[in-house]
Amino acid sequence: MTARADAKEPLRLRLVRSARNGMTPVMLLAGPFIFLGVMIIWPLIEQVWISLTDARLTNPSAGEFVGLQNYATALSGSALPRVLLNTMVYTVGTTVIALVIGVLAAVVVNMKFAGNSVVKAILATPWAIPSVAAALIWLWMFSQSRGVINRGLEALGQDGIAWLTSEPWAMVAVIAVTAWQAVPFVMLVTLAALKSVPQETAEASRIDGAPRLGTFQWVIWPHILPTVRLLAILQVIEALRKWDIIAVLTQGGPVNSTNTLVIAIQRQAFEYQQLGMGATYAIIGITIAIVFTLAYLLLERREEKKNTR
Amino acid sequence: MPRITFDGISKSFGDTQVLDPFDADIADGEFLVLLGPSGCGKSTLLRMIAGLTDITSGTLLFDDVPVNHADVRKRDIAFVFQSYALYPQMTVRQNIAFPLLMDRMSGWQHLPILSTLIRARLMRDERVRSQVNGLAEQLGLTAYLDRRPGALSGGQRQRVALARSLVRDPSLYLLDEPLSNLDAKLRIQMRTDIAALHREVGKTFVYVTHDQIEAMTMATKIIVMDGGKIQQIGTPDDIYDRPANTTVARFVGSPPMNLVDLSSGDQQWRQSLRRSYGDGTVVGFRPENVRIVPSGAGIMPGTVETVERTGPESIVAITLDGHADSRTYARVPNDMTPSPAERVSLDIDMSSSSFFDSVTGERTELPVTA
Amino acid sequence: MGSAREFPYRLSAAALLTGSLALLTACGTGGEEADGEGVTLTLGNSQWLDANRGEGLWEAVSGFDHASEHSVERVEYPSGDIATTLTTELGAGEGPDVMFIQDNVFESFVDADFLEPLEDAVEGANLNNTNEGGVKDGTRYGVAWQRAPFALLYNSGLLDEAGVEVPTTPEELIESADILTEELGVQGFGDPSPLVDDGRWLQHINIWTYGHGGSWADEDGNITVDTPENIEGVEVVKDLYDAGIFSDEDLHTNRAAFAQGQVGMVDEIGGGALVASLEGGMDPQDIHVADQPTPEPGYHQQLYVVVNANSPHVEEAKEFVSWLVTEEGQEMLREASGADPLATDVPVTEEFAAENPWAEGFLEVGSHTQSTLIPGHELQTTEIMTLIMDHVQEVLVNDIPAEEALAAAQGDVDNLVGSGD
Amino acid sequence: MGFPTYWMINTALSSRQQLFTEPQSLWLQFTNWSELSRDLDGVPVVSMLTNSAFIAIGTTVLTILLSVLCAYALSRYKFHGRGAAAFLLFSTQMVPQGVFLIPIYTLFLGLGLVNNLWGLVLVNAAFSLPISTFIIKAAIDGIPYELEEAARVDNSPPLSTLTVVILPLILPSIAAAAVLAFFAGWGELMYATTFITDRAEWPASVGLSVLVSQPGVSMPAVMAVSVMFAAPAVAFFLFVQRHIVSGLTAGAVKG
């Protein structure tokens, strides 16, 4: 008979065993994380260092250490608050519009009517159009004198609008285009959530005499709410990173009114060639984004606790 | 066909001990039931036998060979999950055949694409076909072979799960509450079927359940567990007639064994029982060992609360005098039932009663004097 | 703490992982050089991609293939990205052997020691004044490739049809533009709006400020944003803006529209005129050039030919530059360059001049336009001009008085320049 | 929602003269092919689309391979630092991609990945990996653990468990993640313009941006290239749309 083998088991054997069980996830993650580490995480750490130097685009790795000077300059200047405000307006605007239209579109497409799948396909297409191509057609449509949008306005007896060169229309325009591209994603995901609403519950509430709107409010909405919430955070992240649409349409203008953080980073780093300052903007932006994400996660967790209690 | 030996087996997750160390020896061909309330660690123990969960300390032996670190796939077991764990994307036929295919495929044949082709070929193999078909017929699944699990009823799924575990003819069958998702009628039928199956194949079965009736009807040996502790290991009769402690006594039987704690209360009947059996004693007796006699004639006086007819007999709930917070049950023929609120007395066959220490709850053997 | 520290790239996991591969690559590039034989020079330019004239320019420099034992290979950069991409490449010790770059990029490359001195390469060449900016601190790093002065391009067919004169003052410009629009329904003036933020106006403002005798810094590098001349220039821009004659579309659309005969007047460079004449939407004989409607001449864009100091073929690259400034090279380039002033004074051919009445006009204007680089602050020009344009846009949009806005801009620029040093 | 797409096609089919001298026709015209083909002369449309396809497909395959590994580990194993790993993955999503341009360029120089489509595959895969991982992880979270245990008991090696048991069940989510990765690779511009200077290696995004930035750009030609650029992505999307809808929401619906 084998002796009892609890504490007396040789150390080496125990190590091997724990390694066998503990190493599997490490082995699975090793590839992806080495890859991400090289491509993203290490460069990100570098950015922190670069933000403490006066590195220029012409000497990216040989900037001189200047401490927190870049941060002091950025935070004391008048440009950053405007950029942050723009970023907030753009982010909230695109997220809200994309969510509202996307959810409505999903509800409509979820009804049964002839041509339903064609409508769905048309509504979904903008998602597949590459951003650059999408921005270019909108650029043409927004043209003040030759654009089809102003032609439509004029046909309605309205004055044309300088969409891309006046406040606040430039911001309206970039939000509209970004939302146009984001709506299909929201719609498709919400549609999937709608499909999974238990039919009995919806029917039961209708039998109970709830009006259609009531069914939506009391049965359907709570069911898709987690999805919508997840979509909101995804959309916020997307808006924080969106670059190409603004870069093609307004380049941040007019009068900096569409100058979001991403555009400002690009300007600092590549137009002014101030890598250090660009990195500083990036780090400030990431910090804000992470704070918001953590806040979201904490709220989520608290909600979860409330629900399970 | 292994003999299973538990040598100081224990399990903890982090700092929480979920299973205290214990020793046991299960002979080959035994139908072992792990019985206990949910969360008692019985499923964990089953998974440890299967190799799905690590053993924290101690040694598990199959035929005296330690298998602590043997891979699941090397243990030659079948496992029926509570949820059946059928592969939803496969047909019933593919589900049942899956273990056969896996047994026949060698390492490189598992490579994607190649594996698809090889599996398709094996599915047409005559031996695989006949084995699957035979088993399907035996379990009444022939009509459903080309359906997917999603299109089957609970009972049918359960039989598919069983078929999948039987197809390889393993030496050890592990079943994790396989009947808990079935309705009452089906459950009784499957109970008989599984017991018959065990007799037929003659292999060792380990069966987890929280249902003591399943345990009593099917088992040749029962391990009663509660709170991460092994409470008792024994045959169904041992467990029923001689529960090792008050926990087992309370858990097994329906209604369970009546327990009357003599250590407190100053009624006259208590005092006289105390004199006979000691003052730190709990008396335990089965409801069928109680006779209801007119008030003043028996050992324990009380008042009838409810009478419940179960068909051939009735279950009478009685509140003993000075014992208001718990009921004592008697199983009596229908023609002998008293009416609610009637004052009665209980006469008990002390020779078939059990005695427990009122502090530890452990069984004590007392000479019967009354 | 102030000492220069190299960022520890060498410690990077990436470098460790890839070190061996990098070595291999390095060996590969080092080994291809061979003595006495011709090499292949890479020439990096965004113009190779230009519609219509890109091929012509490439053919011109391909003349070097015949004139030497070496051959040339083009590297094409989209015009919007060439500055960033080249800087990134050079910052990493890479890049083409010879590059054709804007003056502001030239300044930053000189500052970063990316360029090879070219004195010996151009010895004896008859260089004109377009090459002056190519010398920094007494060393020549760049030779003029093309200078692109801005002048007022107009469609004489449209102007005649509407019966308007070529304007000589901003007031006349507004008047003429309005008449063109009213009479013919075309865009009177095709300059993009100062609110189109594609960076163009960072230079384009100079048409009006230089045009009124302004400058952004004096010879000693003292910032002079809020001078009366600049204020006047900005006020003119405000007048034009209020009159609504700017186009809200970008440069390319405006060019296309001009080529289609849909724009009366536009501030353009020779390249733009050439595109219009080649596009075929209007009669090239209708394209004419006039001085801008301001008292003083405006600005020019300038491209330099430079040699990458990191190039493995520095000597051969210098041979290319030497060839380019010979009579042969210049004449080949002239043919493809339309009317842009070049490094030496080569006249346009009579044939070209006859087909393109606008050509001589640009050659003439180009001799007295100014660079857009701010003296003493060349490297920060973009940043400074962004600050200034931010305030100019305030003037246009929020009706802030020009004087006030430029005073504020002066303060911002002083801060920037002060903090930069 | 569909109008801009229509207008893109409409503009592509117009002549330059029509665009500038008269109001653009609201209806499609099919009479300007010769002008269009002349304007597109010299634009390497075929190689642009092939290169984009290479990048997009490469990105998709690499992203899916890596994110299945990641997602499986994060979903199935409890280990120290799992939360940190997930958060790290998530936070890389919040960083503007332009920030990495220079460090990645420097790295790729050493690897010979500049002017190389594989380089763009790596870049796009790195940026697509986190979101793809989250989609697939949500799907794996939804698969009962017992299914894998059943496979182990049935003598299935890990490879078959993954490919035969797990993957078919998360196929919709994989399709969804694949679409996202495909789009990312297909349309990416910032890195492509910086890393690819060789005309033969241009993906369509670079080709389009070059076309736009040319002096004397032809709007119909730009739009025609845009249409050709969008069409394969739209086609691919409509083809898989049916399958991905349920995949996008696996896990999300459950909250």
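By letter and in written order, the chains are A, B, C and D; residue numbering begins at 1 in each of them.
Everything that follows uses one rule, which is that contacts are C-beta pairs under 8 Å (C-beta built on N, C-alpha and C of every residue); 3 or more make two chains touch, one makes a residue touch a chain.
What you are looking at is a predicted structure, and each value in this text was computed from that prediction instead of being measured.
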Query raised in the report: Hey, what chains does chain A share as contacts with chain B?
Result: D
Requested in this report: Find the chain most remote from chain D, comparing centres computed as mean CA coordinates.
Outcome: B
Query raised in the report: Which chain pair has the highest count of C-beta pairs that touch?
Result: A-D
Report summary line: Taking each chain's mean CA coordinate, chain A and chain D are separated, in whole Å, by 16
Report task. Compute the distance, rounded to whole Å, between the mean C-alpha positions of chain A and chain C. Result -> 37
Report summary line: Per the C-alpha means, the centres of chain B and chain D lie apart by a whole-Å value of 55
Requested in this report: Please report how many Å separate the Cα centroid of chain B from that of chain C, as a whole number.
Outcome: 88
Query - Where chain C touches two or more other chains, by residue - result: 9, 12, 14, 84, 88, 91-92, 253
Query raised in the report: Mind pulling the chain A residues that touch 2 or more other chains?
Result: 38, 42, 46, 57, 60-61, 146, 270
Query raised in the report: For chain B, which residues are in contact with chain D within the complex?
Result: 50, 52, 72-73, 77-79, 81-83, 85-89, 98-99, 102-103, 105, 107, 110-112, 115, 119, 164-165, 168
Query raised in the report: For chain D, which residues are in contact with chain C within the complex?
Result: 16-17, 19-21, 101-102, 105-107, 109-112, 114, 193-194, 197-199, 206, 209-210, 212-219
Report task. Would you mind writing out the residues of chain C in touch with chain D in their complex? Result -> 9, 12, 14-15, 18-19, 21-22, 25, 44, 46, 49-52, 75-81, 84-85, 88-89, 91-94, 252-253, 255-257, 259-262, 271-272, 275-276, 278-279, 281
Query raised in the report: In the complex formed with chain D, which residues of chain A make contact?
Result: 22, 24-26, 28-29, 31-33, 35-36, 38-44, 46-47, 57, 60-61, 105, 121-134, 136-138, 140-141, 146, 148, 151, 180, 183-184, 188-189, 191-193, 195-196, 223-224, 226-227, 230, 234, 237, 240-241, 243-244, 261-262, 265-266, 269-270, 275, 278-279, 282, 285-286, 289-290, 293
Query - Residue numbers on chain A that touch chain C, as the complex places them - result: 34, 37-38, 42, 46, 49-50, 53, 55-65, 67, 73, 139, 143-146, 162, 164-167, 250-256, 267, 270-274
